[in-house]
Each structure stands twice: as C-alpha cells, then as structure tokens.
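See the structures that follow.
First chain A sits with chain B, and in the next complex the same chain sits with chain C.
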Partner chain A sequence: MASAEVITGKASASAGSAPVPGVPANVDPVFYAQLKFRRRQYEPCIDICTELLQRNPYDRAVWLLKTRALTEQAYVDDTDLEEQGVADLLMDDNAMAQAPRPGTSINRPGTSSARPGSSLDPSIRPVTASGRPMSGFLRPSTAATAASGTARMRTGSARANSAFRGARAGSARPLTSLGRRVRLGTASMLSQKGGPFIDVQRLDLRKYAKRPQLAKALCDFLLYHDNNPRKAVELAAAATVVMGYSDWFWKSRLAKGYYMIGLMREAERQLRSALGHQPIVECFLELGKVYLRLDQPAAALDAFSRGAEASPSDVSLKLAVARTHELVGEAQLALEAFRRVLHYDASSAEAIASLAAHHFYSDQPEVALKHYRRLLQMGLFSAELWNNLGLSCFHAGQYDMTLTCFDRALSLAGDDAIADVWHNVAQVAVGLGDSALAYQALKVALAADASHAESMINLGVLELRRDRADTARSLFSSAQRLAPHLFEAWFNGALLSYKLGDFQEAYRQVSQALEAYPGHADSLELMKQLRRLFTLT
Partner chain B sequence: MASCDLQGDGTSQVVAACPDAKLRVLDGRTGAVTKVMNILGEPSALAVFYPDSRAARVPALAVACGSSVFVYRNMRPFFKFALPQLPVHGEELELWRSALDGEESPEALYEGLTRLRDEEGASLSITSAELLALDRHPESNLRLYMEEHRSEARELKRMSVVTCMTAIRRSSSDERAQSQLVLGTEAGDVIVLTAAGTQIDAKFRMPGGAVPAAVHATGLWEVESRLVVQTRHGEIRTVRNKRLTSTVMRAGVPITDSTAMESAVVAAAMDGRLFCWSPKGKLLWTTEPPAPTVALCRVVDPYVSSEALAVALTNGEVRLYVGGSLIHSTGATDVDGSADPDSGSQTSAMVFGPFGRESRCLITAHSLGSVRVRVLPRRARLEAATAASSAPPVEQDEPMALPKRTRLHVQNVHRERADGAVMWRSFQRDRKRLHLSVLREYVKIVASGVGPDASDPSCAVAALFDPSGLPAQAGDSRRSAVAAAALRISAEVQGVGPGFSIVVTLTSALPMTASGARLLVECDPAQYELVGAASAGAGSRLQLLPAMAPRAPVVLAVPLRCVDPAGAPKARVRLSVLPPLDCDFEPGLLRNAVRASPAGEGSQSKPLVSLAVEMPQAAEAEF
Partner chain C sequence: MSAAARSILRERKNWLVHELYVRRDFGACLRLIDEQLDASGGLSEYALYVKGMIRRQQGRITESLQLFQAALCLSPRNVRILKQVARSLQLLGKHRNALSVLEQAVVCGASEDWEVHHAKGVCYLFRRDLDDAINAFEEANSCHPHESTYLQLGKAHELKGDLTSALETYMEALESSPDSTELLTTVGLLYMRKRDTDKAFEFLGNSLTHDPRDPKTILAAGSIIQDHRDWEVALSKYRVAAARTPHNPHMWNNIGMCFFGLDKFIASVACLKRAAYLAPFEWIVQYNLGIVHLRTGQNASAFHHLSAAVQLNRRLGNGFHYLAVALGRLGDPDNAISMFERALKLDDGFQLRLNYCISLCNCGRVVEAIEQYHEFVRALEAAAKEDGDDELLTDPDIIIRRDALAKALNIV
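Then we have the complex of A and B:
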C-alpha cells in the first residue's frame, strides 16, 4: 500500500519526568518509540506511547504515533480480493446478470477455456469447489466458495450449508460478514488493556477533518484497526469537503469505506473521481477489485491495464491482470501476463508458482520442476512446495529425488495440508503399481482429514479392486456429499451402480457428473449406454 | 400425404389427408390449397393408385377410414371397399342370444362378456365392447343399451380396422401403370386387393397376430415383388413374390418408422439409430444421426436409377444417406439463409414425388400445419463419396496439442541414461523407507481405531507380520474389526457460535441391521459444554445409537456450546462409535470382543471408528 508518509510531531520535551519503563536512560522516550515504530516493533512502541499518553493525554505527537502503530499492527494488504462472508454470499444484492455471456463472468468459468486437452481441462487439472481450475498459488479468493457459483446452488438450504462450510478444506469455519477483518480486529482488541484507545463514538469528526495529518492517521485507524467503515466514511466525507473535493486520498478512503459496507457502485464512483485527480496504483487496484466483486472481469481488466499504462513498471497491476485472466479461464493470456510479471520482478512467488502449475498440468513437469526449484532457492520452505517438487520429480522421471521430497513434505505439513500430501504419496504409489502402499497411504490421509474427498474417491477405486463394492459405494457417496464439484466421485459411483445393475441410480449420478464436467467423454459414453438401455423393450 | 397428377394433365398436386376428416389438395403451380373435401371419418392412411389401364391416366385416391377404404376419382366418391367381417366368438353369440331372449339378466351378460374378454383373451365385437365400457350400475344402463342395440345384437359383427396402406404396380414398371392396393389390418393381416379394388387378391397373416404398423412395396406384383411389413412388435417381416418369408429383422428396440429401398430395408429405432438390412435380413449398416428420427422416405432418381434415403430429424434437419454414409443435409434455415419460419414446428410427414412440373421433390409437412417442398437439383448425384467409410477418421490427422520437448527434458534423459543404476538404487531405498513410514502410520491408526473407517485393520497387520495365519490372540480384535470395516462416520459443524451443532452421519455396510452401538462424544469441558448432558460441565457423553439398516445413513445432531469463545481456536471434539454392550451388533462375530470389555461405562472398550472434529472459532455473541 502506498501509505501516507510517517508524520510525527517533533520530539517534544517530556524529559524531566520519571523514566518510562522499557526506554533506556538518557533517551527521549518519544524518539525511542519512533525508532521502535520504524523498526516495525509495534508492541513496545505502543506500550511506550500508552505510558506517555497516561502522563499527558493531549500530546498529539504521541497520539498520532500510537494510532499509526496500532494501524500498522492490524494492517492487511487489502488490494487483493478477499474472502466473502456468509452474509455476502447469501444476500448478494449486486448481482448483475443471471446468465452472463460466456467469458464475461467469473461465476461461469470454463465456458471458453475448458477445451479438452488444454491445461485447464478438469480431467487434467483439479478444480476447486467453485468449479474453477486450481490455481498455482493460494490466495484468499482462489478458494472462492462454492456459493458464488450460483449454478450449483439450486436450493436455498444447500446454498446456506455450503456458505457456512467455509472455503478451506477440512475446516468448518463459517466466515462472518467481513471476512478476515473481524477476526484480526477481535484479536487485537483482546490484547488491549483498559478499554479501547480511541472511543470513536465520542469523537467530533468534523473537528478532526480540519487537521489533515491527524485525520489521515485516524481514518486508517478506523478502517484497519477498528473495522468501523461507517465512521471512516463520515470522516472522509467531511475531510473531502474541507479539501474542496480535490484530494485523491480522501476519495480513495471513501471508496474503501463504501467497499467495506458493500456499496460497490458508490465505491466505483469515488475511485473514478480519485483517479481523475491523480493516477494512483492503489486506486486502480481498488477499482479492479470493485469490478471483480461486481462480477465484471472485463471492466476490471480494463482498469488494471489503464493503471499499467500509467505506471508501466508496477508489478502488482500486472499481477492483477494475470489473476483476472486466470479467473476468467483464459489460460494462455494468464500465462503471458505472468511471464510479463516475471520480466519486471524475477522473484514474484505467485507468478512462478502459477507458471509452474501451468507447466505441470500441460505435460511439462521438467519445466515445473525448474520453477519450483527456483522457489526453493528463494527461501520458501513449506510442505506444499516440497509436495509439488516431489510430484514434478516423479513425473519428470527424476526418481531418486521424488520420495525424499515427500518425506520432507510430510515432516513439514500441518493439519491442513497433510492429507493432501498423503494423497499425493498414494498417487505416486499407484504410479509405481504398488496398490497396497497406495491403499495404506489413502487410509492415513483419511485419518488425517476425514473429509478429504479426493482420497475417498481413490480409496473407493482401490476397494473396488479388492471386490468390496459396498465399501466402495459408501466411499463414493460420502465423497459426493462432501465434494459435489468433483466429477470423479459421481462418475465412479455411476459406473459402480451401472455394473451392479442399478441403472436408475447410475443415470442420476452420471447426470451429476456431466453437470460438474459437461465434456467428460467417459460420462457421455456411459450416459449413451444408459439411454440405450432405457429404450429397450 | 401423397403427391400425384390428379387431373392427368401433367401437373402434380399434393393431397393430404388431415386428422380433421378433410382431404386437402395443394396446387402444384401456386402451392395454395385449391380444394378441401370432407371424408367420412378420421383417415388412417392414404394411397394413390391407377385402377385400370385405360388411356386417360387419372389416378384414384384411396383413403382408409376405420374398416373401409374409400376410393375417389376426379375428387368424387367412386366406391368403397369394406374389410371382410371376422368370425364372432361362439360363446359371445350364445350369451347375447340368451340375454335378448330374456333367459339371462343383463348382469349375467356383462359378467360373461367380462370373463370372455379378461380370462380367455377373446376379441369381442364392437357391440359387446361398448356394453363393457358402460357403467354396470344401475342395471337399467345395460338394459337400455340392449334395447337400443337389439337389432345389431341379433347379428353380431366383428370388424377389423385398416392400419396402413400402400400401392404396388401390377405388371409394368411404368410410372402410371396399373396398380393394386395393399392394406394392413388390425387383425394382423396384410391384404392385397385386385386392381379394381373390389376383391381380395391375396391375404397374408402375420405370425403371432402381430399388427402391421406400416407397409411398403417394391417391384411388380405379378413379376417380382416385395412387401415390407413393419409390425407393432418391433419387427419387420417381408412378403416376397406372394409368399411370406421367414426373414425377421429386429433392431432390439421398438421401431418408429421404416421404408423399403430397392435392395434394402431401412428402419429408424427408438434409441435414435438407423438400421439397414439386406432383403435376406442381414444387417448392412447402422448409423446414429444427431437427433431422433421422425420420418424416413426413399428418394429416387429415375433417370439414372440411383436412390438415397431421406431422414427427417426432430431438430428440423433433413439428411440424405447413401449406403450408410451421409451425403447431404439441409438445416433448419430457409433457402435464403434466414431463420426457419417453422422453427419450433417439427416435421411430421415426408414424401418424395412430383410436384407441379418438377418430378423430383421432397415434400415435408410440419406439425404447425405448413408444407415445405424441396427440389432435388437435376445435377445432384445420389452417390456416396468413394471410400469415405474406409478411410481413418478426420480427427486422426489433426496433430494433438502436445508441448514441444524441452531441452531440460533432454538433459534429464541424459542424466537418467548416465546414472541410471544409482538413481534406481536410491529410489528403491527411498521406496522401502517410505513403505515403512506409511506402514508405521497405518498401524498407529489401526491400533487406536482412529479414522472414519478403520477397515479390516488387524487382518491386514496380522497378514503382514505373520503370513502363516492369524495368531490366536488376534481373534477378538479381528472380529470387532469386521464390524468396524463396515461403519463409516462423517461429521460437519454447523453454526457460527457460541452454539454449534455437529451433524454426524453414520453409514453401515453390514449385511444386516445393526443395533445397540453407542456414540461417545468427548470434548474439553473447559471449552465446550454438551447441551443436554446428564451433568453440567461433563466432558463426555455416551448415547445409544438407533438401529442402522444396511447402507441407510443415520444422521444425528450433537448440540454443543462454546463456554469460552475467546479461548484457543483449535479445539477438537472427538466422536467415537463403541461396540454394543451385549451383542446384537454383529451376532456371533462380536460376542467375544464385547465380553472382554468392562460392562460399565464402556469408555475403555476400543472404539469401532472415531473421528476428531476441529471446531471453528466461535463468535462472541449469540445471534
């Protein structure tokens, strides 16, 4: 974020009084607090400021410093699209078109891209719950919850259930209305002793609006620390009037407040007006974000590319362009955009990871391996990375490194990733033809995460090989319940029902499979056979 | 629908028999309806034939209605042919006689006729059928009917109905040579009339009383002929040279339409496929058009004596096939490329013949009432492109979108070639190690009964460590494991907090109903309280599960309340299914295992399956 520059008052002479705890002797405590702030050690900075404010509550320099420290502590980079809360998902009053034209909506991905054979083909690349190809880099919005894909949510209760289930696999965390913000807000509130720092309700905002330095810090405080967009909007509106409607900063803050409240069209107007004054990168990013929330990826792309024209060397705008292409499903355009990002910033983890994922799924695992090794050299060290390295090694034929990578992934993985790693170990075991190992690994994966649908499907297939149709059937049906977006669960269930002679059930499941992935050749073939059977005399 | 030169002036018209009991004639020059004529009932078939060989070649128009065929000439009624009566069941006659003479009550007649129909499956006369259709109460209903129909009932008649009709030329293949009518009847007969149309020339009974649904004729009746009869049993039978052959053509699914080609029989089946047989009944080809077929007809080019098959599809397309390969298709768009004015209206009938001065027209009628005429261009050749069927499919020549082999790949291959042995050895070592670590984890799961479905764990372990057989001590756990194998548990947390509800789904794959199992819920009493637990603040609760039928999921809600919303977010709630105390669960298999477990609280007995649910962060305030 291009934040307002650090404005502090002159180190006022508060010496002479008792020494402040935590400040070395003979050092001015305000100066010391500023030093701590610059070093991003916000906790001690806040402590010193609290102490100083207790002695002199009217010291504006200290007040400003504490406000900024608290804001920075709670600061989240919000230029990226964030998770939507339950209320937003269930009560979307910004819906644009029920049936948008293909390629113009995020909610209907795959219409233009999922050509058979492309790297976004669902039979090659796994999909997320919203039916979108899995991206190479996990951001809050890449796991956009299924409820946004309204096509899948037919009944109200199913929609509510999936909205409450949350985006992350394995966790049953329902998001509250403002997504990430509230959790961070509550956490910082708890750590605060003796009540809130600023009692917003009693502030006279018009008075503050006349003091631009204080007002800017206060506004950010309200937005990031207090999560009180209404007050922030009030303050920003008053300040805009004071500044004669010509300051981009206040307009962008107004827009941010409106965005948090959910008034997208107002936010858009403010941002456009702010951009009229000065082309600020942050405003372009915000504008694009607003358009994406309104499900207008084409307008968002336009905003991003105008921003890129205004500031040609900025990476975040290029990254945003690439992400938007990926959201709409334009694999080739996204690929080129990510390459452009790398041209300007050779260590952009997101671009490298996305390129790696693309190459992995388009049958060039050796290139993916190269990219993942680059990430490793950059100092990333996570279970996911080792897991991907292991898979790339295996598919690129570098067998001597494969299993070591998985070993490391297993030892690094936390609760949310370990099931995925075991699942991949099982995949490798299947590749080796060692079905006993695969079976055991899948069992372990399911013990780690009982709702890991992919493992259930694969385990079901292995159980079928062991002639345990009943177990396989119950595994498939559990997987169908947990992950209705996976066509594999439906197709395997349908095939099993077909073989057991339950044609009606097979028909039901294969229709679901085709809904999840309309181009699946095997499902189409099964459907054809079932149709033929149903017309028999 | 038929096309013919009604006046004999060389200009052909289209005659259509419409379901509103009218004949309509479409003029060949203007396409307008020039004549509408009433007929005596709803028509079932229409055919054009030349009854004589006089010089004025004016055709006769035969319209089948019910059990009669009305013949029109110059659009004026000419004569009527009635189907011969069918013998009436003797017992039916007897029943009516006794009822009319007053020997029996109408009630008894009704009873007797019902028995005759339902038990003996006899076909009754129309009078009887109408009586049976009446409401038998009160009795006066029946009596009234009997009085009204007394004269008919004295001489009962059983009539057949014409189901289909066509015409076959008698002895000359000239376009306007003398021809004879061929009828198919509801009684399962195919009747060929004499050229005059007054007498029956030949009669064939379909085997098994199958009712003809369509009849087509090729050849010359007196020289060499073939009648192709499509029956309602989904078969096609042929009559060759005045003799019913034993050839049967079956598609495996009901047949919707058929047609006879020069040396083949084509049928459209209900599954959307087209079948073609040789006259001897050998399947020549099948093909599947993109949409179901509504009508078939034969397209002939008389000048070069070639023929094709026209197929009208439900999507409005008309396709031309020669020998199983598609040669042409006209879409649903009009001649000038504009959208079809009849879109939404399906083709209902199709006929090939002359129209106006043009001798080769394909005339289609649409369900919304329009008629469309397509002219076969004079230069059109009804031939399949040579060797189209034997060539490999076009897709095979398209290169697949494979990425190029990278230099990196080549380097990797070189490395593999150089150090293959080392790579292999290290891979094998890693593999053994991985196997060991997986096995270790697996045994851990099995031993603790964790996991949503701990399937036959001990069996696997025992088999792994002691291939000679199961150790005697393992017997108990093995048995409980069999029950465990068949149980699956899954859970989902609902709610925002502080009140939550864990929805537990249990599925049993045992072959019989299992009952008596218990569900144990354990949580940290400092963080969660079980709503409705026996003692407040208890950290665990045991509840009896309902009987579980095979494969029917049991869904339970476990209400929980977060005591301390500000506490650590990663709290776990553990759900376990314990075996029953006394053994109903899996008779004979679990008994020993259960005896071994203490009869008290049961918390020491090993769970069959268990699951740890991760709880989300609770909201602070109640909504």
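Then we have the complex of A and C:
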C-alpha cells in the first residue's frame, strides 16, 4: 500500500555534466535513478540521488526521489495487528471494562472458545504461550491470559513474567510496540554516510505543508523511515489545515501517527473523518486495528464489514474479518470467513493454512491433507508444512508417507522448530505403540530445546508408565514452571500427587489447571473429589 | 484477673464463631477469629480449631495443620484436635505420622470412635497395608457403621483381589443406605468384573434412576446394553453422557463400537480415532480400530493398529490372533503363522483354530491345515459343551466355513 502518488519526473533541473558513478554514459542520471526506483532497486537509486544532491542540494525532484526511496526501503505493511509490547500489556489504559461480557472481548474469549466439540477446544487443539488456541498461520497477536490478569488471581510478578514471555517459545516480547520500530530506525541511520538525510528538527513543517507532493513523501518518510510519529502528526495537522480539512490522506496519516503514539481515540476520530471523505480499504483496516487494540472486536468487525461493502472484492478486509472471529473464539464464523477469502483469492496461504488446521482438529485429517498439499503446490517449502503434512498423513492412516514427511521436516527445521518436529515424531511413535522410539524422540526434542514444555509433559507420562514417579513429577513441575498456560502439565501433576496421597499439592495444581482451562472435565472432577475430602470432618 | 475469668473471656464469643462457621461465612468468621486470637495472644483453642477447619476447606492444608498443632499445644489430650491433626497429615500424604497421631488419640480415650479407626484404615490403605486396613475398617464399622467406611473396606478387599468379600461388604452397606448412587454403581461394576451382567445391569439401572446423568454409570450401563447388541439404545445413553464429559476416550471408544455394530464404518473409525487421539496408551482403542479396518478390508491399516495394540498389551491373545489374520491377508504366511502360534500360547479357542486353518489352507500347507482342522472341530465341540446348548454347532457362519474347509482339505 504505497502512499503518495508517484510524481513523474521533472528531470530537467539536473546538475552539471560530470558523470555520476553507477550511471551509464549518455543517460540522464535523474531518469536513471527513477528507473532504479521503479525497479525497486532502492540502494543504487539512493546512491545516485546522494551524489546528485551533493552537487545541487536544492534539487527538489532528486530530494523527493531519495525520500521516497528511503521510505520504500524501510516500509512495513502495518495493516496487520502487531505484537503488543510489555508496557501496553501491563499498563493498559485503554481497557474499557474490568469484566466485559463474554464474546465481546479479545482478552477474555469467554465460553465460546471452550465450547466442547468446537475445533478451538483446548483439549483437542494445543494452546500457545499467549493462552490462545494455536492458529493455522503464525501471526503476531495479542495475549489472552497475560492481559486478562486483572480479574484473575494472578499476583503482580506472575503477571509481569507472563507478559514478558513472547508468544513463541524462546522469544521475548518487545518492551513497547514502538520499541521495535525505534530500534530498526537507528540501525538504518547508522548505515548512512555523513549523518541523517533530513534533519527533522530543523525543518519548517508549515512551509512543507503548503507543498502537497513534497509533504506527502516527507510525512511517510517520517512515519516509516524516521519512526518519528510526533513530527509526522505535526506535519499532517498543518497540512490538513492547508487542505481545508477535506483530504483523507492527511487524516489517515494523522491517525497513523496517533496510533503509533498510542492515542487510540484520536486515531479513531481521524479515521472515521477520513472515511467520510472517501472509503479507502487501508483506512478501514486501520480503523479495525484501532478497535482491536481497544479490545472492541465487535466494533472492529463492523468496520471491516463496512469496508467490505465499499470494496466487495478486497481480500485483506475479508482476512481481517476471519482473524477477528478467530481471536474472539468463534471457530465456525472464522471458518466461513476464511472460505470467503478463498473464493476471491484461491491461493491465500493464511486462509488455506487456517482451514487446514481447523479440519485437522475437527477429525477430518484427509481434508486437512488436501489443503496442506495445495500449499505445497503453491511453492511453500518449510519444516512446519512438512510437519503438518506428516501429522495429517498419520491421522489419515497413510503410514508410509508419515515418516518421509517427518524426515523432510527434520532436514529443513531450524532451531525454533526442530523440537516441535521431534515432539510430533514421538506422538506418531506413541500412536504406533512404539514407546521406545517415542521416549528417544522426546529426549532428542528436549536436547534441541531444553525448554520445550510439551515434550517434558509427554516424557513425564512415559516415565509414569515405566513406574518412575519421581522423574515424572520433576518433569511435570519444570513444565509447569516453563509453560504455565498448559493445563496438561498442571493436571498430570495434580493427578500424580492425588494418587500419591499428597492432596495439598494436588489441590494447588488442579486449581492452576482450571485457571488455564476452566472447562476441563477431568480437572473439575478431581477438584470435586478434593473438595469433598477437605470438607469431610 | 483470675485464670478462670480469663478463660471465660477467651471463650465468650465462641458461639458467634461457630455460628459464622456453620453459615459458611468464612470472611466474617476469619475476621472475628483474628480479633479473638489477638485479644487472647493466640491462646483461644476453639478459634484456632475453626480457623484450621476453614483453611483446610480453602485448600491450604499446611497452614491448617499448623493451626491444629497450635491448638493441640493448648490441650494436648483433646481427641477432636488429635483427629484433625491426623487428618491434615493424611491429606498431606504423611501417612506414618498420621498413624502415630491416631494411636495417641486411641490412648487418649477414643477407642470407641469410628472416625479414628476409619482414618487409620485409610492411612493403612495408602501404605498398601491391606490386612491392617481391613481390620481398622471393620473396627470402625463395629463402633458405628458408615457408608464411606464400607466403600473403603470394599476397596481394600478389591485391592486384595477378594471380589466376593468386597461384594458382601457393599451389599451390607446397601442395606443401610439403599439409594446411594455411588454404592449402586460400585456394586454394578463389581458384578461386571465378575461377568454377571444381568445383576450388574440391575444395580446400574437402579443407580441411573437416582442420578440419570452420571457419566460413569452411563458408560457402564451402556457397555452392557452394547453387549446385548442394542446399539441404538446404547448410543442414546452415551448422548447424555457426552454432554458432561466430551473428552472421555472410553466413551468415544464405545460409541465407535456402537457404530461398528450398526455397520456405519466411517463414523466408527472417526469416533475410534478421536478416542485414540485422547488416549494414545489405551490398547483397546487400537485393537478396536484394527478390527474395524479388518472388517472393511483395509488390511494394512488393520495391521498397524493391531500391532500397536499388542505392543501396548503383550498378553493380548486376540490381538495376535487378528494380527495374524491381517498378515495372512497381506500375503505374509510365515509371519502370520508365527503370530498364530504366539496367540495360541496366550489363549485358545475355536475361532483362533478356524482362522489358523483357513490361513494355512490359503497358503497351501495342507498337512498342517488338516491338523488345525481337527483341533478346530475339537475346540468347537468343547465350547458348545461348555455353553450347554447347540447354538454354536448350528451357527450357519461356522457351518459354511467348516464344510468349505473340509471340502478343500478332502476331509470326509
């Protein structure tokens, strides 16, 4: 979604006759730089512009080109929801209600996701560290349990600990959502010769605001390259005034700046006003994003669907709808939305992967297999995909393919995925009744990633079958420490303690299990038994 | 102030503590108790006792133990407090310490208290000291018969492997509390273990009339209904249970086999797969999956599931038996025969002999096949005699196969 309209070259004002390095002879250097820009070869384009600007610092066309090239280089598609930072999670000043009604909040998906039989049910589908059911497609997302600590029994430090943990194993959460951008900005600054290209502090923004073409490029430069939302807001505000409050572009940029600073309500107002001028897909997406950040999924859905009315064949809005449904835990609605996405874009990897995951977890591995095969045909080639193919093959009863798929997954897997693949190999081994192989695979998984809690839990169960209760108990307790979101670790530990007669421990662990998964039938039963033991005189 | 006056002051508000405690108004009760403990310098025995009880019900056993021990310091020979200390120790899994406290209680004059003996029995049970446990429970019952004691006594008998005594115990308990669903279900399950399904069904049905939604009872009753090939009824029973326990692998296993009985193989495999997903270590699920696949002619899948089943349960004769059939159909006679031999070591039956004979016949080993044919006829007659009717000998399925084999092997 490139922003300002491309300014076709006014190359006439180019400088002297000395050849510019990197430009063929008899070719106008500005034209050549523009060619490079259009071919997305930003590095040579910037080099030529820098050289030209040294010769003539007041050449506006070159200045504009260089600004745009630098912006494009640092451009990130920010219409997706980014990961929330620790600061946002712990000091959430946008929270609307302490105890929202079920189904109206992302942070507390409510009863719908735990509904037995749905494919998002935690006892069928595993849960990520953020406390959400594993999605079919990896995307940054908000945390469920960490953020909703307000109404829970969590102590302050436990809440902070879970907030610092990233959504994936071994990853950390950025401190603020802006933090990642700032770091990227400084890193790219360093690589520049002779200091920053534009010294923002010395710019007279009001002067630029009167020149719309330059100002648009400068504003995007400030937002994407400099990561300086404060200045961008200043510029955008001035430009809006100049344009007589009637240009959607400046309002949307104003909103983007406000969003980066964290002023959600202001961003919302600007976006609504921008949409009043012209229904732009990007603005609808941004508006939805603002609502999601405010934890108002219903309002976000409304924004997305209004956008879909305005531009019926846009895929990104439909994807956003599907994602939002999944965040709230409405599996069935999400499924339909993903199907609609595929209707318009038959090779949307996110939609295919999500559908595949849904079918896999609702006892239709054959259908999942079809979807994954489609992904393979589209040219995706990753450890995760082969791993999923292997699992689908196994559950669909195609044993001959299973192990070759896992072989490929293992040969492709990097450090972050290899433990997961071995864990699944163990799962298959258990399914074949080969507990020795399962044991070894889990050991390998733990060797690859010593903090792989899922493997620890399964290894604990295998140790229990070998009558080594002490080893099992220590495995369960390390898994509980590493991954408090996994109810399996708590429940298994509780059951073991209960059988050994240590009811105090059992009670503690089963309460934790119920906090991780309030609807777990077996935990509830165990809790009932313990309560009865405690109240009996 | 005299000691007596101080003691009266300490106990002045005991009635209110008691009142709040039995109303389960724990917050107010704890506040009052803390006030009283502050005023008395921690010397108020009843307040300590009630606080201990509340803490235990809140699941904080260690804290409640400390409170009871503090109360015990104030009156070391109080049986009631001794019992609570023992109970806390027992809940914490320290059964030996609990036993010694209980001994102390007996010394302090509680030899006629059923609770003490019951608690002793429970501790012995956890230490797998079954004879002592049984003695303790019987002692408790002689003081004062109680349902929970009967249940524990029955459990001790069951652990000892003495099902008849266990059954007697439960029946005795049923006389005093005939509408206890737990007892009724336990008796039903026991009859099932003794393979007396009619009796079992009687008790389970009785239990279901008191609590029609108990998943455990439904599962047991459903499995008996299934044994009588009444698939639709069993399925309707499971539908009730599924709402309560949607992730019970045994229930999914039974549902799968109901569908198998109804010849709905795809539904059956789907249910069994879900059971296997939820309980990967259950051999019976893998065994059933193997059988369903054998029935639908998917021999390779059947082989995988059956081999998983026999890996999980090495003493599963029928598992080896059907594994051999799968191997025979897959065209691997040598391994099939070795599996048949292995199955024969574990258990014997006319079906096994029949399948063995068919497999041998199919791969052209006539001499051995004839031998197995005679074994089969002998086993069939023996089985018919044991059942006491001639139904087996006139079963058309068996007759057709026997005659076909006889013809193929030239036996007259």
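One rule holds in what follows: the second predicted complex is superposed on the first by the 505 of 537 C-alpha atoms of A that agree within 3 Å, B and C clash if a C-alpha of one lies under 4 Å from a C-alpha of the other, contacts with A are read in each partner's own complex, and residues count from 1 in each chain.
Throughout what follows, a residue touches a chain if its C-beta (ideal position, glycine included) is under 8 Å from a C-beta of that chain, and two chains touch if they have at least 3 such contacts.
Quick caveat: nothing in here was measured; it's all calculated off a predicted structure.
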| item | value |
| --- | --- |
| Joint occupancy of chain A by chain B and chain C, clash or fit | clash |
| Touching partner for A:535 - first (chain B), second (chain C), both, neither | both |
| First (chain B), second (chain C), both or neither touched by A:363 | both |
| Which of chain B and chain C A:57 touches, first, second, both or neither | neither |
| Touching partner for A:433 - first (chain B), second (chain C), both, neither | second |
| Of chain B and chain C, the chain that contacts the larger number of chain A residues | B |
| First (chain B), second (chain C), both or neither touched by A:465 | second |
| Which superposed partner A:504 touches (first chain B, second chain C, both, neither) | second |
| Which superposed partner A:521 touches (first chain B, second chain C, both, neither) | second |
| Contacts of A:395 with chain B and chain C, given as first, second, both or neither | second |
| 224-232, 278-286 or 422-430: stretch of chain B that collides with chain C | 278-286 |
| Chain C-contacting residues of chain A that also contact chain B | 117, 363, 397, 399, 432, 434, 531, 535-537 |
| List of chain A residues in touch with chain C within their complex | 116-117, 121, 123-124, 363, 395, 397, 399, 427, 430-435, 461, 465, 497, 500-505, 507-508, 511, 521-522, 530-531, 533-537 |
| Residues of chain A that touch chain B when the two form their complex | 86, 117-118, 161, 164-166, 170-174, 176, 183, 186, 190, 362-364, 366-367, 369-370, 396-400, 402-404, 406-407, 410, 415, 425, 432, 434, 437, 440-441, 443-444, 446-447, 450-451, 463, 470-471, 473-475, 477-478, 481-482, 531-532, 535-537 |
| Of all residues in chain B, those that touch chain A in their complex | 234, 252-254, 269-271, 400-403, 406, 408-409, 412-413, 415-416, 422-424, 426-427, 430-431, 433-435, 437-439, 441-442, 445, 450-453, 455, 485-486, 488-496, 505, 507, 509, 551, 566, 611, 613-617, 619-620 |
| Complex interface listing, chain C residues touching chain A | 56-57, 59-62, 90-93, 95, 115, 126, 148, 244-248, 270, 273-274, 276-278, 280-281, 286, 298, 300-301, 304, 307-312 |
